[in-house]
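One chain, chain A, links the two complexes that follow: it is found with chain B in the first and with chain C in the second.
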Partner chain A sequence: MSTAAEVGSAVLMLLGALSCLLGAIGLVRLPDLPARLQAATKPQTLGLALVLLGAALRVELVTAATLMLVVLFQVITAPVVSQLVGRAAYRVGAVRGDALVVDELAEHLPHDRETDPAGGAVVDRDQHLSSGSTPQRSTAETHGWDDGGAGAGGRIGRDGTS
Partner chain B sequence: MTGSGRVSASRVSVTRPGMVNQLRARTVEIAWLTLVWVLLWGTFTPVSIVGGVLVGAAVIAAFRFPAPGPHLPFRPVRLLALGGYLAYDMVVSGAEVSWQTLRHGPAARGAVFAVPLVSGSDRVVAVVANALSLSPGAMALQIDHEHRLWHVYALGPRDRAGVERSRRRALDMQRRVIAALGTPAELAEVERHMARVGSGGGPR
Partner chain C sequence: MTAVFVAVLGMLGAATVLTVFRLVRGPSTLDRVVALDVYVVLTVVATGVYVAYYRDRSNVSLMAAVALVGFVGSVAVARLAVRRERHR
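The block that comes next holds the complex of A and B.
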């Protein structure tokens, strides 16, 4: 094995370990569940990928392919878990309103939230309502959408704090 | 098995052209499962390949997969570009969440915002949701087919401008996936959305 591969492998593994460590610190330090989910998925996925990439440099090709398969499955499955947990957390009110700058989902699922995040946290509630009530005609018509609120996503920026 | 399947497919295709599509989709699924099986064994021998085909067929038969929708276009270059971008995005993502942890820690802020959902294909939506959840600090929280909206959580935005940046990023990810897998009409639509969000974006 060449020195270059040796060094590259060591660097990748150390970077991966560092990324995993930062993810673990994020789990402890970040304020609420969705933020911690980010720490549990993003730096961890990157860390695992880097460690396995480093390992792949040290083994023969077929074994390396299996390691890359592990990376692939991690990349495919981690977002699924984070989405499911995040959605469940949102619905039971485990997402702290004061840790959110904007919450546009609260408009769509008012009855799903146990804890009302009103009171300064949801800075854009009125803005969202006003912009949501003017749907984008063009797209709504060409696609035959149910246009109630469909324009909110694209519109809110224009009506923003300019 | 494939022989008899092809015969019946061509016979039925007069009345149900979807059968050909379905057969093609099943073949691709089995091929993919075979590849996974062979990679897991780590040996490219006839035994492992035949075993993979058998196991793949058994898995497809045992679990009811959703009926394949309209055939997805195959654009290898754009697909590769998407894969490369996702890998790059994963690195940026890990670094950015780590940065939020170190810089802000308990004072880190997030946002839940809406993004127009452009594609109607379940598979494209699934890929976008997955890709979105790899992009920096973001994850798909809710997919609202009725209003054609995504609700996306993102870690990092601290003000309006930050939210708009995240929204543009989410839209851009959607554009990249649709460029690889979607229809030209969907691509044009997502670009319209991007132009609107881009022009009306931040306070400047």
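The block that comes next holds the complex of A and C.
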């Protein structure tokens, strides 16, 4: 029993560390932000679950339960971080439009942008509240949405390296 | 069994080096957010290896705390990054 638990623990921890390593390789090698996000969340969560499962086989029951709690917490929070970062990436134009097969969000966003000037009141209030930066910001947003984010991506790149 | 732990820590160390490379190199702020989240997860995994090797339960609460702080930090930086890019 003890030997079987040790062997199972060793196998689980090796597989988990391998999954973490593959996720990190994908984080370096993949070309753009959504692909890196994919490589960052799923193999890392799998690696964490496998390593902590292997660690839980070697400790007593209360500690093992706490380790499984950490795994559960990571499984809950990793999609939240992934969704928020992906949403932020789409907002600032870091997602290349030509790299996407299906872009359902873009089908909804121009509809909203068309109804905003038609409404009138929303645009007036926005220009009234934010005094100086409104034309620049709207230009940046239009640039980011329309050309698939190539210009906006260059803008982020300059910011990141400086 | 020690060879297994050496192999596991070697793979985790290589993963950490690659993640730090992306953290330093990353073109945008959001790339750095992703890399930092991966780094936090790798820290938790390495602490789990410590717990398994020494059969010591004193660091398990540390793992939960680090995972919590990493989650809050990633969410906050992602929200602030999109706000800063918008005001440019």
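The rule is short, and it goes like this: the second predicted complex is superposed on the first by the 108 of 162 C-alpha atoms of A that agree within 3 Å, B and C clash if a C-alpha of one lies under 4 Å from a C-alpha of the other, contacts with A are read in each partner's own complex, and residues count from 1 in each chain.
By our rule, contacts are C-beta pairs under 8 Å (C-beta built on N, C-alpha and C of every residue); 3 or more make two chains touch, one makes a residue touch a chain.
The model shown is predicted, which means the values in this text are computed figures rather than measured ones.
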Quick one: classify A:Leu69 as touching chain B (first), chain C (second), both or neither.
both
Of the partners chain B and chain C, which touch A:Val102 in the superposed model: first, second, both, neither?
first
Should A:Gly47 be classified as contacting the first partner (chain B), the second (chain C), both, or neither?
both
Name the contact category of A:Ala35: first (chain B only), second (chain C only), both, or neither.
first
If we overlay the two complexes on their shared chain A, which of chain B and chain C does A:Val80 touch? Say first, second, both or neither.
both
Touching A:Ile25, do we find chain B (first), chain C (second), both, or neither?
both
In the superposed arrangement, which partner chain does A:Ala17 touch: chain B (first), chain C (second), both, or neither?
second
Figure out whether A:Ala5 sits in contact with chain B (first) or chain C (second), or with both, or with neither.
neither
Does any part of chain A touch chain B in one structure and chain C in the other, and if so which residues?
23, 25, 37, 41, 45, 47, 62-63, 66, 69, 80, 87, 136, 153, 155-157, 159-161
Given the complex with chain A, which residues does chain B contribute to the contact?
36, 39-40, 42-44, 86, 90-91, 93-98, 100-102, 105-116, 129-130, 132-134, 136-137, 139-142, 144, 146-151, 153, 155, 157-160, 162-164, 167, 189, 192-193, 196-197, 199-203
What does chain C use to touch chain A in their complex?
1, 4-5, 7-9, 11-12, 14-16, 18-19, 21-22, 26-35, 37-38, 41-42, 44-45, 48-49, 51-52, 55, 57, 60-61, 63-64, 67-68, 71, 74-75, 78-79, 81-82, 85-88
Which of the residues in chain A come into contact with chain C in the complex?
6, 9-10, 13-14, 16-18, 20-21, 23-25, 27-28, 33, 36-37, 40-41, 44-45, 47-48, 51-52, 54-55, 58-60, 62-63, 66-67, 69-70, 73-74, 77, 80-81, 84-85, 87-89, 91-92, 94, 133, 136-137, 140-141, 153, 155-157, 159-161
Across the complex, what residues on chain A touch chain B?
19, 22-23, 25-26, 29-32, 34-35, 37-39, 41-43, 45-47, 49, 62-63, 65-66, 69, 75-76, 78-80, 82-83, 86-87, 90, 95, 99-106, 108-109, 124, 136, 139, 143, 145-146, 148-150, 152-162
